[in-house]
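Several structures are given next for inspection.
Below are two complexes that have subunit A in common, paired first with subunit B and then with subunit C.
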Partner chain A sequence: MRGSAHHLIGKKTGILMLLPSLVLIGTFLVFPAIWVLYMGMTNETLTGIRAANPQFVGLQNFVRIFKDRFFYNALKISLLFVFGSAIVGQAGLGMTLSVITYRKSKKFRSFVQAVVILAWIIPEVVVAYLWVAFLDKDFGTLNNVLHWLGFEKINWFYDYPVLSIILFNTWRGTAFSMLLFSAALETIPPSYLEAADVMNVSPWRKFKDIILPNIKSYIFTDLILITLWTFNVFSPYLLTHGGPSFKTELLPIYIYRNAFRYFKIGYGSAISAVVLGINLALALVYLRLSGRGARK
Partner chain B sequence: MRRGSKVGRTIAYILLITYAIISFGPFVWALLVSITPMTYEKDGQRFGVDIMQWPPKINLFSWPPRVFGAPATLSNYRTVFEVVPYARWILNTVIYAGLTTLGHLLFDSMGGYAFARLRFPGKNLIFTLFLATMMVPAYVTIIPVYNLMVRYNLVNTYAGLFLPKLTGVVTLFMMRQFFLNLPTEIEEAAIIDGAGVVRRFFQIALPMAKPALAALAIYTFLGTWNDFLWPLLMTSDKSMFTLTMGLNFFRTSYYTFWQLMMAATLFMTLPMVIVFLSFQRYFIESGVTSGLKG
Partner chain C sequence: MAWIEFDHVTKRFEEVVAVNDVSFSVEKGEFFTLLGPSGCGKSTTLRLIAGLEIPTEGRVFIAGKDVTFIPPGQRNVAMVFQNYALYPHMTVYQNIAYPLTVRKVDRKEIDQRVKYVAENLQIHSLLQRYPMEISGGQQQRVALARAIIQTPNAFLLDEPLSNLDAKLRIEARSFLKHLHMELGTTVVYVTHDQAEAMALSSRIAVMDSGNIRQIGTPKEIYDSPADTFVAGFIGNPPMNLLEVEIIGYRVKLEDQLLEVPELVEKLLKPVDGKVTMGIRPEHVKIADRGELKGTVYVVEPLGAEIIITVKLGNQFLKVLTFEEMNISPGDVIGLNLNREKILLFDERGIRIEKRAE
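Up next is the complex of A and B:
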């Protein structure tokens, strides 16, 4: 920060400029995040008598969550989904693509970026329908191609439900990681790699010893953001509606089902509060790790 | 890698080509389906069109071009407007995405500027608390926010749609990072010229922030244009639907009107593709680099 910045803006004006954002974030993010804890301790429903006059039931909902096998199911699938589609899929593929296009012509790089971002800008509703058409058992393009090549048709959404949504989300969300890593690679002084070229260092060694250590902090930023975002992803609902038999019911879908399909607002809020706790814990772990990484 | 082995290079290209096919394939399919008639006449008889046929009978070089064995037509694009209030849905989406984007542009840049330039005791504490809210996933707060909207009768209104979305922690943080990296000398010179803070913000800081603002606008507009969950909860009245909600209309439990749905799909996707391709530079260069340095 620059030393003389303090006289650029008066205290009153500054606070006035901050006010709209603080009010909006307070009303629609901070207050609800706290309120959800209280709502989780009531038996509020979406309709009927308990919608108008919810009763305070203490920790009853929370006790129920930890006995609910659907909660453990959703938690397990969410963790699998985050690991598969965010950490392995998006970050892994994003890294691969950005390294492939690194030090290549600008035209080539923007073409690859355009292809990757395309998956990101198509509305997810649309993407979901296109994927249903792509993976459908009888009519889907993929099965027809497989059949044409002499393979058995596979009922993707039924036999490999989690893999299907992992592939879907990897394809959809790789853009962010790739762009972030591409930008990170630009910050490495070219002379490092040029020197390695002269010494005939193998590509793997270049990646491990020069590229990785130099963009470590970016990798942490990327991982923390995509982990939190992927925990948030609701769009697989459009592909499988959480099924078959809850095999793709991620935490957000589990909350949605309880609160807005079964009308159990209180119970849904309690799950939300638990999920919030998990998110904060994850964020803390990442921050810890990245802090240690930076000191090394 | 400049001197990567041949095997590595081959694998890389196979990966990229597969990726490109997966990315463009659905688009091409959507385009072909959207110009396929629902039924067609041949020798005085009416035939339904099977768009799932394999291999697809497509000949784009005859006149009229034939898709899935039927002559291509543009009539689906007109039908979409006749069978559902599609124009109204476009208007709703433009209002929702437009107002949300305006809100972000104004409030994020104001807040980001204040956080970057303001010095007062406790600012770091406020800022840390502010960053902590980044860890709160949106769907965790969706039940209380929905309740709030019900309580104030904002369901099925534009206000209900855009009010909770007018600013965002991540985007405000990005703007702060941008302003922090902006040299302060010009603003200091302007003070000597007697420019007040309002003039300095609007006439000096904001114009210099154009690339960041462009990225912010595209990012927000895209996100809102494609948003599904919030309109799903906020709109139940057909006249208040956004385009994403409207797409569901072409799918009933018995039958999916693929031709109409794909025509509607392209209507809502093409503007985004055009916007993106024209601003790709901003999107890539400043969207990511300005804010997220480790």
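Up next is the complex of A and C:
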């Protein structure tokens, strides 16, 4: 793949063809990111005098963030949320499902995929409502079932708020990982596993020795994507509004609270810039790991 | 009892019958080849032996044991796949050692055996490389080494030479044959290349659309093909198959007549009317006063031999000769057929048997 573009088209033509997308990326991604960084150095608010005439305050906002215990709370919950719902939940469950359906009949695989994708194609707000209806203390489906089975009703959003949003996001996002892993598994030549079948290799060793090394790069790609997405996901707000008492206040919700509930646009922008930095760092870590994981 | 036995095995995939009521047995130490065009069911047959497919009907036996429903890993066979199925993330050493590694064989013993096998197959200098870094022929040897190290009841080879270029293929073929002589292990070999089958096998099963057409030694298959399919599949160029008419003691080919009293007398059943006559290209001789006359259509010199296609009315006849000849397209030449070698096939394409002498 390396260098093939140089042979196919000239450098000038290449740049020319890249130009439209570069302009779009510049306008809608790079510029806002820089703008957020700039706003983070002002004391701009949503209303009042400072909305019209924001002042440049340098790194004041950033210094404040690192003294703000709510920032550390949000960071901690976000990391827990990413680990629980993205890495363990979506990737783990997605991998399990794709391996279970791998080399099985097409009908079975299509059925499982259809069910899982259903969770993915339903609009976000509807999904949130479904989960409220499912986990509600008094009228929720789950509690009704538990009650019918003779268990105590549980106030899920109050007693297990983080677990609730982790389950919600796992359910919501597993389809992506499962589809990606299923597609990755299809790239393994069937003879690799048939050879292993004939050699009497156990299912676990087949997974560890043959499947995993052959889809490693797909796994890293998946992990980068879902980590970043989950880090920036806002929809748990629809379930818990960040509560009770900030127990589910993820970073995006924390930003939202500061920027749009407390009207502190400048401060909110500064937090956004920090989150941007965290995302960048995470992406770099994954890229480094996957680069090292690849065969020399 | 036979070493590997198929007892009326049928394999259906939904509506397609891949293997249709096939029975055969392979003796211990034999080099048994399943030969046929693509889609004839030969690979499915091999996979049925390996246990990668389970028969819809019938039974499979290996080493005297009914293995019909036994999973592949417990049949103690080793398979070499067409694409070799070497694991790209493992070194050659790890690949060869893998069957023993998963059996939790002692590390020292693995090391000894890997080195011994690698030495034998002349790949010991490649042990630390990755499969992508070695040539196709070397990859094939690694795949063979991985099979040999398992000391199986039988080797199942699925078109192992077809990914090699022509020159390497001939070399690998001799190598395989030598290897089989050395190891003495039973081999079931799948190929669509009749030359490979002829060169390697103790016996060949010719398959077509899920059925076995004939089982026999290469010589039997070559000299007395059971039907026109086998006759037309084996040999390069394959046997000439001509539409003729038997009239009394004569064969009528287009508008020429050929006296064949001995042939007609020897046939096990009386034949009259339209049949197919088969004669191998090397059993036709070009002679000035030949009994048949034809027009030269194409001359193909292949170095040692020459293939001459002759037109007889509306039919073509290929002649294989090793003599240098000064003929060119358009020439009218005479042909003599070796009467002993003429075969006749009935209207269904089945060979009409002759009395043994």
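Throughout what follows, the second predicted complex is superposed on the first by the 274 of 296 C-alpha atoms of A that agree within 3 Å, B and C clash if a C-alpha of one lies under 4 Å from a C-alpha of the other, contacts with A are read in each partner's own complex, and residues count from 1 in each chain.
We take it that a contact is a pair of C-beta atoms (placed from the backbone, for glycine too) under 8 Å apart; a residue touches a chain by one contact, two chains touch by 3 or more.
Since the model is a prediction, treat every value here as computed from it, not as a measurement.
Taken together in the superposed arrangement on subunit A, subunit B and subunit C fit without clashing.
Once the two complexes are laid over each other on the shared chain, residue contacts for A:S110 go to subunit B alone; subunit C is not touched. Note on subunit A: of its two partners subunit C and subunit B, the one contacting more of its residues is B. Judged by the touch definition given at the top, the superposed model places A:S217 against subunit B, while subunit C stays out of reach.
Of the two partner chains, subunit C is the only one touched by A:P189; subunit B is not. Of the two partner chains placed by the overlay, only subunit B lies in contact with A:F31; subunit C stays clear of it. For the superposed model, the angle subtended at the Cα centre of subunit A by subunit B and subunit C works out to 80 degrees in steps of 10.
Of the two partner chains, subunit B is the only one touched by A:M17; subunit C is not. Once chain A of one complex is fitted onto chain A of the other, the partner contacts of A:N232 are limited to subunit B, with no touch recorded for subunit C. Legend: residue contacts after superposition of the two complexes on their common chain; A:L289 is shown touching neither subunit B nor subunit C.
When the two complexes are overlaid on their common chain A, residue A:D197 makes contact with subunit B and with subunit C alike. Legend: residue contacts after superposition of the two complexes on their common chain; A:S272 is shown touching subunit B, with no touch to subunit C.
Put simply, subunit B and subunit C get as close as 7 Å, counting only Cα atoms, in the superposed view. In the superposition on chain A, subunit A positions 197, 200 are in contact with subunit B in one complex as well as with subunit C in the other. On subunit A, the positions that touch subunit C within their shared complex are 189, 191-192, 194-195, 197-202, 205, 209-210, 213-214, 295.
Residues of subunit B that touch subunit A in their complex: 1-5, 8, 12, 15-16, 19-20, 22-27, 29-30, 52, 54-55, 106-108, 110-111, 113-120, 130, 133-145, 147-148, 163-164, 166-167, 169, 172, 180, 183-184, 187-188, 191, 197-198, 200-201, 222, 225-226, 228-229, 233, 243-244, 247-248, 251, 258, 261, 265, 268-269, 272-273, 276-277, 280, 283-284, 287-289, 292-294. Of all residues in subunit C, those touching subunit A in their complex are 50-52, 71-75, 77-79, 81-83, 85, 87-89, 98-99, 102-103, 130, 150, 156.
Of all residues in subunit A, those touching subunit B in their complex are 1-2, 4-11, 13-15, 17-18, 20-22, 24-25, 27-33, 35-36, 39, 96-97, 99-100, 103, 110, 112-119, 121-127, 129-131, 133-134, 136, 138-139, 141, 144, 147-148, 171, 176, 179-180, 182-183, 186, 197, 200, 203, 206-207, 216-218, 220-221, 225, 228, 231-232, 234-235, 238, 252, 255-256, 259-260, 265, 268-269, 272-273, 275-276, 279-280, 283, 290, 294.
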